[in-house]
Amino acid sequence: MSSNKVIKAAFESMMFTWGEPLDVKLAADVFGITSKEAYDIFNELKGEYDSQGRGIRIREINKAFQFVTSPDVYDYIERLCTPSKQKKLSQAALEVLAIIAYKQPVTRGEIEAVRGIKCERVLEGLENKNLIEEVGRSPGIGRPILYGTTDMFLRNFGFTSINELPDIDDIESVVHEQDEEGDSSQVTFNLSQGNMK
Amino acid sequence: MSSNKVIKAAFESMMFTWGEPLDVKLAADVFGITSKEAYDIFNELKGEYDSQGRGIRIREINKAFQFVTSPDVYDYIERLCTPSKQKKLSQAALEVLAIIAYKQPVTRGEIEAVRGIKCERVLEGLENKNLIEEVGRSPGIGRPILYGTTDMFLRNFGFTSINELPDIDDIESVVHEQDEEGDSSQVTFNLSQGNMK
Amino acid sequence: MVYKVKLSTFEGPFDLLVHLIENARMSIYDIKVSEITDQYIQYIDQMKKQEIEVATEFIVLAAALIEIKSRMLLPRTISGEEVDELADPREALVERILEYKKFKNAAAAMEEAEKNNMRIFEKPQEDITCFLEKPDEYLKMDINQFVNSFNLFLRRKQKLEDIRKTYTRLERQKISEEQKIRYIRALLHNTTGGEITFADLLREDESRYNTAVTFSSILEMAKWNHIELSQKRNFGPIFIKAAGEEGVNA
C-alpha cells in the first residue's frame, strides 16, 4: 500500500499530465484504492493548494479533478500572453441554458413555455458546444427529447456539480446589482418616446 | 511592487499556462523586475517543489523554467495513460484450458485423447499467456510433460485454489469412456502371417 | 413623461414585457395592463417601422394583453358567490412573468459565473502517445464463459461418443466369428476343388475388422481340423482347403 504522500504526489503529476479533468475512479484504479479514498485524497490536496495561495489550483468537476490557474493571478497571465478564450454565450443561449440547468431533465416545449419563444436553434447551438445533451425521452405525447447539462457546462461555468448552482430563489438580490452593470453594457439604441410617436 | 508570494504564485500560473520553458526575462518583464531577481524567485520556487516532494517539479533549461512531472511517480503516470486491451481466448484454448484445469496434472496425449485433435500450438499459447505450466513428468513411456494451471489462471477468476472451480458432473464419465475407447483402438493385430507356418 | 425604450432584440415577448414593466417602475403584482399594453404595441409597431422582423410570439402576447385589458374593464364582483370564478385576469400573466424573471436572473448569475471562469486557464494534455502505442493486454476470462464453453464441449463430445458406439455395435453385429465360419464353410463347399485363398475371402470387404475376424475364423477352423492351411513362402498367398472327411464329403 502506497503512503498518502506518494499518492498525493502521483495525483499531482497525473492531473498535470492528463490536462482534462481526471476521473476519480481512473486515479483510484492506478492505486487499487476505492473511489471514496481517492476522492478524499484529491480534496485534501485541493485544500493544500488553496490554503497555500498557490498560482495553480485544483478544481473539481463532477468527481473529476483538474489543475487550473488561480483567478487571482489572471492579470499577470494576461500580461504575459493572450491565451485563447472561449466565446461568451449570447443572452438567449444563457437563458435557455439556465432553464435547462435548473429544470433538468426538461423538454423543448417546457423551455419554450417559460420564454414564450421558440428555441430550436439555440438548443442546437448549445448541443454543438457540448454544453447540453439529450438525456432521454419524456413519457409524454410524442415522447419529446429531454435535455440536461453536461460536464463541459460545469467546467465552462466553474461549477463543481449541478447541486452547486446558486439557489434560484436567492438569485434575485444578487442579480439586481448585476442588472445595473448589465444595463450600461447593453446600451444599444436608445429611443425616446418622442421618436416613437 | 508585488510581494514575493504574489510573484511566485504568478510565476506558477505563468509556467503552467505557457507550457514551454518560460524565459526568465519574459517573466521578469511582467513584474518590471530584473532578470536576476526573477531568476532567484524561480529558483526559490523550484526548491520548494523539490523539498516538498511534489509530483510536479520545476526544471531549468538555460535561464528558462518549466513545470514537469516528477520522475519518481513515472510508473503511476504510465499506469494511468496506458490503455488496456481486452483479449479473449479462442474456443479451442478454452477447451484445452478446461481439460487441464479439471484433470490436472495431465499430459498432452491425454488432452488430445479427450479432444480427438492435436493441441500442441494451443498448449504453447496458454503457456505463453502464463495460464498453464509444466508441473512435472509422467512416469509413462517417453516421460511426457505433465501440465497444470498457474496462479495467474486462478487470479483471473479471483480464485485462491483450484478447488473453487465449479463442479462439472459429467466430466468423469465422458473422460473415462474416452480412455477406454482410446485403449481399445490401440489394440493392434500383431500376428504376422509368417508366424503361422 | 419621457422614457427610454431600448430598441434591441429582446429575447422574447416576456423579455420585452418585463423590460416595459420595470422601466415603468410598476409592481409586477399590480400591472397597469392598459398602459403596458399600449407601450407593448407601440414597441412592436416601432420594430415593424424599422423593418425588424417581429416574431409571431410577440404578436401572440400582444393579443393576450389586449384580452386581459378588456376583461379588466368588466366589473370584478357581481355577487358574493361568484368572486372565485372572477379572479384577477392578470393572475396567469403575473405567474408567467415571475417564472420568466426567475430564469432571466439565473441566466445573469450564470453569465457572471462564466465571466469569472474565464479568468482561469486549463492546460492541454501532455503528449502521452508513447503510452498509447503499447496497450496493456489482459485476458478477459469469465468463469461462466469458461464453464459454459467446457460444458458445450462435453455435450458435443458425448453426442459424438453415442454416435460412435452405435456405429461400432452395428458393425460387430454384422459379422461375428460364427457367421464368418459358416460363410467360409459354405464357400469351400461350393468351390470346385474345395480350395480358396485368404485373399478370396476379403474380396468384398477389406476393412481391418473383417480381415481380423476372417483371419481368426480360419485359425479357429484350422484348430478344429476343419480346414488345412498352407503358405508356400513368407507373405505369399494363404491357401485354404477343406480337410478330412468334411472335405471328402463336400
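Letters A, B and C name the chains as they come in the text, with residue numbers starting at 1 for each one.
Convention: a residue touches a chain if its C-beta (ideal position, glycine included) is under 8 Å from a C-beta of that chain, and two chains touch if they have at least 3 such contacts.
Since the model is a prediction, treat every value here as computed from it, not as a measurement.
Colleague: Quick one: which chain's Cα centre is the longest way from subunit C's?
Modeller: That would be chain A.
Colleague: Of every pair of chains, which is linked by the largest number of C-beta contacts?
Modeller: If you count contacting C-beta pairs, the leading pair is A-C.
Colleague: Relative to the centroid of every protein C-alpha atom displayed, which chain's own C-alpha centroid is closest?
Modeller: So the chain sitting closest to the middle is C.
Colleague: Report, in whole Å, the distance between the mean C-alpha point of subunit A and the mean C-alpha point of subunit C.
Modeller: 34
Colleague: Rounded to a whole Å, what is the gap between the Cα centroids of subunit B and subunit C?
Modeller: 30
Colleague: Using CA atom averages as chain centres, what separation in Å is found between subunit A and subunit B?
Modeller: Between these chains, centre-to-centre, one finds 38 Å.
Colleague: Could you say which residues in subunit B touch two or more other chains, in rising order?
Modeller: In subunit B, residues 13, 16-17, 69, 77, 81 touch at least two other chains, as defined above.
Colleague: Give me the residues of subunit C that touch two or more other chains.
Modeller: 121, 123-124, 126, 128
Colleague: Would you pull the subunit A residues touching subunit C in the complex into a rising list?
Modeller: 16-20, 57, 59, 66-71, 74, 77, 83, 85-86, 88-89, 91-92, 94-95, 97-99, 101-102, 114-118, 156-159, 165-166, 168-169, 171-172, 174-175, 178-179, 182, 186-194, 196
Colleague: Quick one: in the complex, what on subunit C touches subunit A?
Modeller: So the residues of subunit C in touch with subunit A come to 1-8, 11-15, 42-43, 46, 55, 57, 60-61, 96, 99-100, 102-126, 128.
Colleague: Which residues, counting only subunit B, touch subunit A once they are in their complex?
Modeller: The touching residues are 5-6, 8-14, 16-18, 26-27, 30-31, 53-56, 67, 69-70, 72-73, 76-77, 79-81.
Colleague: Under the touch definition given earlier, write down the residues of subunit C that touch subunit B in their complex.
Modeller: 121, 123-124, 126, 128, 131-132, 134-141, 143, 145-147, 149-151, 153-154, 157-158, 160-161, 164, 208, 211-212, 215, 219, 229, 231, 234-235, 238
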